[in-house]
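Per-chain numbering from 1; labels A, B, C, D and E assigned in written order.
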Amino acid sequence: MQISSRLRIATLAAATTALIGTALLGAQAQAQDTYRIGYAISKTGPGAPGANTSTIPNYEMWVKEVNDAGGLKVGDKMIPIEVVEYDDRSSSEEAVRAIERLINQDKVDFILSPWGTGLNLAVAPILDRAGYAHLAGTAVSDKAPQLSKRWKNSYWLLGTGSQYANELATFLDQLKSDGKINNKVAMIAVADGFGIELSNAGRKALEKHDFELVYDKTYPLGSQDLATIVNEIKSLGADTFVAFSYPPGTLGLTEQARVLNFNPKIFYAGVGTAFPLYKDRFGADAEGVVSLGGASETDPKIADYIKRHIAFAGREPDRWASIVNWASLQSLQQAIERAGSTDRDAINAELAKGGFDTILGSYKPGDQNFWQVGQWQDGKFVGIAPTSMDGAQALIFPKPDWKGAQ
Amino acid sequence: MSAEILLSVSGLHKAFGGLIAVNQMQFDVHKGEILGLLGPNGSGKTTVMNLISGALPPNEGKVVLAGRDITSLPAHTISHAGIARTFQLVRILPDLDCIENIEAGLAFRPGPLWGDAAKLAARALLDRIGLADHAHTPAGDLTYIDQKRLELGRALALQPKLLLLDEWLAGLNPSELQEGIALVRKLKSEGLTIIMVEHVMDAIRSLCDRCVVMNTGTKIADGTPETVLADPEVIRAYLGDAHA
Amino acid sequence: MLEVHKLSVSYGKHAALRDVSLRVDRGEIVVILGANGAGKSSLLKACAGLVAKHENSAVALSGKDLTDLAAHRIVEAGLALVPEGRGIFGDLTVRENLELGAFAKRARASEKENLARVIDLFPKLSERLDQAARTMSGGEQQMVAIGRALMSNPDILLLDEPSLGLSPIMTSDLFKALTAIQKTGVGVLLVEQNARQSLAISDRGYLIENGAITGQDTALALQSDPAVQKAFLGLGAA
Amino acid sequence: MLSYAVFSGITLGGMYALVAMGLTLQYGVSRIMNLAYGELVVVASFAAFVLMTSAGINPVIGLLILIPASFALNWAIYRILLKPLVARAKNRGMLEVDSILATFGLLFIVQGVLLVWFGGNYYSYDFMNSAVNVFGAAIAANRLVALGFAVVIGLGFYLILTRTRIGTALRAVAVDPQSARLVAIDVNFAACFAFALGGAMAAIGGVLVSMFLTFSTSMGVVFTMKALIVVIMGGVGNILGALVAGLILGIAEALVATYIDPGLTIAVTYVIFLLVLLIKPSGLFGRATS
Amino acid sequence: MNIVTFKSDFIKPVILGAIIFAALAFLPSLVDSYYMSLAISITSFAILATAWAMFSGPTRYISLATVVFFGIGAYTVAVLGEILPFPVVLICAALAGTVLALLVGFSTLRLAGVYFVIFTFGLTELVRQVVSWYEVNVTRELGRYIFLDITQDDIYWQLLTLLAVLLLTGFILGRSRLGFALRIIGEDETVAKHCGINVTRVKVALFVLSAVFMTLTGAIMAPRWTYIDPVIAFNPMLSFQVVIMALLGGPRRLLGPILGVIPLTLLFEVLTANFPNHFSIMLGVTFMVIVYLLPGGVIGLYEKYGGPNKPSHPNGPPTTKEKTA
């Protein structure tokens, strides 16, 4: 009796193993006539909306465009891209496992980055150990410079939180010294790694420029009901409102500001403002809202990219991480072409050299040559700072009145 | 009746919200006697049992067991002090077998038994309550009467000084009742002190040395079964004319 | 009239009832006597549709076949059960409990009269109508349970050990009430441990042993049957 | 400031209550611990979004379509998926465990289907956003509509449950399904009906909430958890309790955001919830179970 | 006779277990790092599910607080990892878990049924919010970096050791008075009290014991992620996964939870690999199939189809209801 039941369990186990074996091994062991690109990304879970906005459409569109053109040019051959994709379900542990699988089971040639600071940091050491380059497209970390030293083939494309805050503070300082705004700033941040990093940097930078922070608080991640915050801020007399928030909060804050008719001269909110969703939601009321990111829509390359993105994904790209991500994919493509082989070390060496021709102009992954501050102007999210950059638009000032809520 | 007092209850009071369940209860139990606790439904008998056994803390009053004040102590401490009980609706451990049910009583008493010693003692006890054949039967599969026996066995395993039986004889048919009465009588003869809440008059008459009768939370009579059951107040409130 | 024909019930491999047949007429009280575990409760539950019956079993009420009906339809057909442990809705008030008794469509038209009848039968309930049922004493809860069953305007009332846990005075009140119910033309099928008092009010009785009927007779005859006296009335009972 | 905080707290609380009331029916009467509840709320949000953006039907009118549709959908879910579990459960505990496991599976299926249809993006649309002045506080009209629905549904169901025969019958099923059969209540039907009704209420919540919250396919769990907290805090099966519990949480959040620190708003809801559980485990309006 | 059976009964499984674990320790030299990451996943869930079942199986208290302790462990490493040697950090983590479990245990164990379930879930959220708030307002940094040179193999060995200790603890517990007390409490708490069992103390003791193992798992796993913030460390999905794995396997036997962990982890893996875009649907469908076809869990299947009847040895390990007839 005992033996037979053990046998049964053993059979069950054997069957399971066989099933898993086929599942695990099915995809591998093919001849090198394709370039295998893998990625694990948050298709589900809390990271999914972000990944779906700024990363997944770009990956898919890039692969399609490359393959439609016959593939990657390697030497004199055209090699199509083959994709292995996984859902990391927004979990660090899943991401780590998926990357291990891409490396060891699928033996992919290149791995594209997951979405978000946490997951990019979780997979960075593994990619580094296995010698894969890491184009971290959606991570903002003040440790970015140290990280690129620690893992030498890693590129932290969105840079540090401080740079956005400093650029914003410098920009506001100019307005203040022009006498356009008073020195009072109300700042709110989402209690999350990103929001806290930016608000810390923002606090430092604003105080350096003699701004007075009349409101400086955080709200919990997941809270969308921010009516009381906006109501309180409204009474404080600040000309500048700064929110380092995530899309649901950004939309919530904007809506409450509109309902309460809180219309500061500078209304800065984001992440999320540069998303197409924002324009769809608020229409004409988006006009004049300031956020991080931006695009030189007059630049034909950018305009063409936006057009193709709409055609491919059925919606506009966001005007911040999408653009940087696309530039990094263009860089990768050119690095492979320049290396003339699919050898990983050769490609990594090319990536390190930089000088790629992208929608951000001549670009080396990690360059911060994109807009740090942008504004909705006439249905376009344009770049306004650094003011020294080509195509910097003049700020619409002060922010026009809300129309929707009256 | 000259024996020493084992349990002394005085000034016991318990209210649930606005409802006073037990009001100024006072009685003694002498060593080796069986005390019957009678009264209409809802008169507070089970509450008294719960107050004595520590299932509930009283609002006021005192419970003293063999000179030790056990008022408001937690149930497990009172159990260690020497009080064991059965429940109005029989409570066994249904997924455990009979041996384990008895072991539950042996393993956590003062001077606990565990391992082989517990097995031996449990088998002896099962023998004593007539369940020797059911050592490995899950308690949930026993018949009603056997569950009652098992529950009693578990209480006895605690080696109590005082045993509380809450309607332990209820729901038995007359022949089972005779067996039950015989078993309780045997326990008494072994020197155990017992308080029993019971409605079965035959059992009260044949077992109890003394009865306390309650009505609406207060004591209305205290004495031998004969005197108590003839008390007009008791007849009016509890027995009705049929038993007069 | 309730007719049970060759009723069999089992739980897993254990047969609780084997080919039990019996009959209860309107206006009579029939008692079932048997040891614990003999299958008395299973019999009532099977009649009320709470446990599954074997294939060839049949239960009929005034010619209507109840065998395969769901419990709520059986109530609708005129058979009400007061279960062991009463089964009242403790969190609801006494009034709500009684009103629910008249949830059956058959009882809605006569709800007012039935309520008056129940209050008449158990006057104590009239002061307690708005009290949560679980705050009442055991005897009063039993009144609610019986009252609730009567509110469904049953032809036949089944009671499972109604006197369990009741004081002597409550018990005799209960049996008096059953006689009163009988007088209104309702048939009563009673399962009881208290053989002496239940036989005293019954018209007929059945003896059940190990899931099968082992005897039946008028209550008077059973009271004087030595075997019954020995097994159920207690030897040398007063 | 205080009056504004209180009013915005009330609207927020109304939303919590609105989302929770269906679950209290499903759990209280049908005994289904429905972990997929929030997914059904989100389904309704997406449905309202589609009606609004592609058919031009505004959400309030859309309710006329979505309430019966979701009633039917939940009826089917109960009949097809849950009935076998109810039939095989030997007791409430078993049904609770089984329903937790089964609806956990359902959660993933619904979420997966939404994901295939709508992707993982955030969604939001513009409807009734104009400000309405209530005692000097500007509140968005859509939030007032949601609050109005919450109060009307809450009081309406309270009256139905306590004043009508069918309502008393539903409560009887909640208290003791076994005995309910003995008073001619078709318990299977009642449980199915309550489940479907709860589902319809989830849909109302989802539609109204979509007018002012940004939503995505992965947000269902958030609604489920908020609803569970409100349900448990208000007392299982108690509609009025859900309303009061929702309002308490909403007002507490708004007051904390105004006077202490908006960073503590979520923390405070849990503190209140945990305290209620510790002091009165059966909820504000619940009765202790034996 | 009795003594002999008892001894062989005790020693045989321990030796067998020791052999199996010794063999498992060689896994890193046999497979590549993908399989190692899978092994880490299985081992960590095996610990969490077994530890969960150690308390929740006999008492039937369904706790969703697993991730609270797991997260506390991870955070301890994040805070102290670069200051103290790793073994000391682990000890600190265990202490932190103990203190929190004592606090939670004494305040909540009087809640029963679904109230306890929801309470423990609420606790997860509360702890996450409080940690966030503390980090934001006190350290002014949310999200911590863990740069420790701990390899995947090290993590695996640590987890394996922890699992061995846990199983041994559970094995001994199953034969101890404490374990027996817990079973009685699970059957009927009132009876347990009147049998002289200090119910609160027993429950809290077991709750703490199980929490310590969860905390240590979090501490061991943390270096794997480089970066943690409250959302990562206190992800409530983990608690749900553990409950479901343990329930699937059978929470009332020592090895039951592991029987749920292995197939489910592998199943997740197969689904992730093959249905990256339909993972949720496949997972949901599989899940429902399991619920409908495997009502008693894997262990139920084993017991139904010819599992050995309970031998009549003294104080065997906790079993589900079995018929001897």
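Worth a mention:
Definition applied: a contact is a pair of C-beta atoms (placed from the backbone, for glycine too) under 8 Å apart; a residue touches a chain by one contact, two chains touch by 3 or more.
Here's who's who by UniProt: A = Twin-arginine translocation pathway signal protein; B = ABC transporter; C = ABC transporter ATP-binding protein; D = Branched-chain amino acid ABC transporter permease.
Given the structure is predicted, the values throughout are model-derived calculations rather than measurements.
If you take chain C and chain E together, the chains in touch with both are B, D.
Looking at A-E and B-E, the interface holding more C-beta pairs in contact is that of A-E. Ranked by separation of Cα centres from chain E, the top chain is C. For this pair, chain B with chain C, the centres built from the Cα atoms lie 30 Å apart. Annotation: 73 Å between the Cα-based centres of chain A and chain C. Inter-chain spacing, taken between the CA centroids of chain A and chain D, is 34 Å. For chain C, the set of residues that touch two or more other chains is empty.
Across the assembly, chain A contributes 43-46, 191, 218, 220 as residues in contact with two or more other chains. In chain B, no residue reaches two or more other chains under the touch definition. In this structure, the chains touch in the following pairs: A-D, A-E, B-C, B-E, C-D, D-E. Within the complex formed with chain E, the chain A residues making contact are 1-2, 4-5, 8-9, 16, 19-20, 23-24, 27, 43-46, 85-87, 89, 91-94, 96-98, 100-101, 103-105, 117-118, 121-122, 124-125, 143, 150, 191-193, 195-197, 200, 218, 220-221.
Against chain E, in their complex, chain D makes its touches with residues 33, 81, 84-85, 88, 93, 96-98, 101-102, 104-113, 115-116, 221, 225, 228-229, 232, 236, 261, 263-264, 266-267, 270-271, 273-274, 277-278, 281-282. Interface residues of chain B facing chain E in the complex, by the touch rule stated above, are 53-55, 74-76, 79-80, 84-85, 87, 91-97, 100, 103-105, 107-110, 112, 114-116, 119, 136-138, 140-141, 154, 158.
Chain C makes touch with chain D in their complex at residues 48-50, 70-73, 75-76, 80-81, 83, 87-92, 96, 99-101, 103-105, 107, 148-149, 152.
By the touch criterion stated above, chain E contacts chain B in their complex at residues 2-3, 6, 177, 180-181, 183-184, 187-188, 190-199, 312, 314-315, 320-325.
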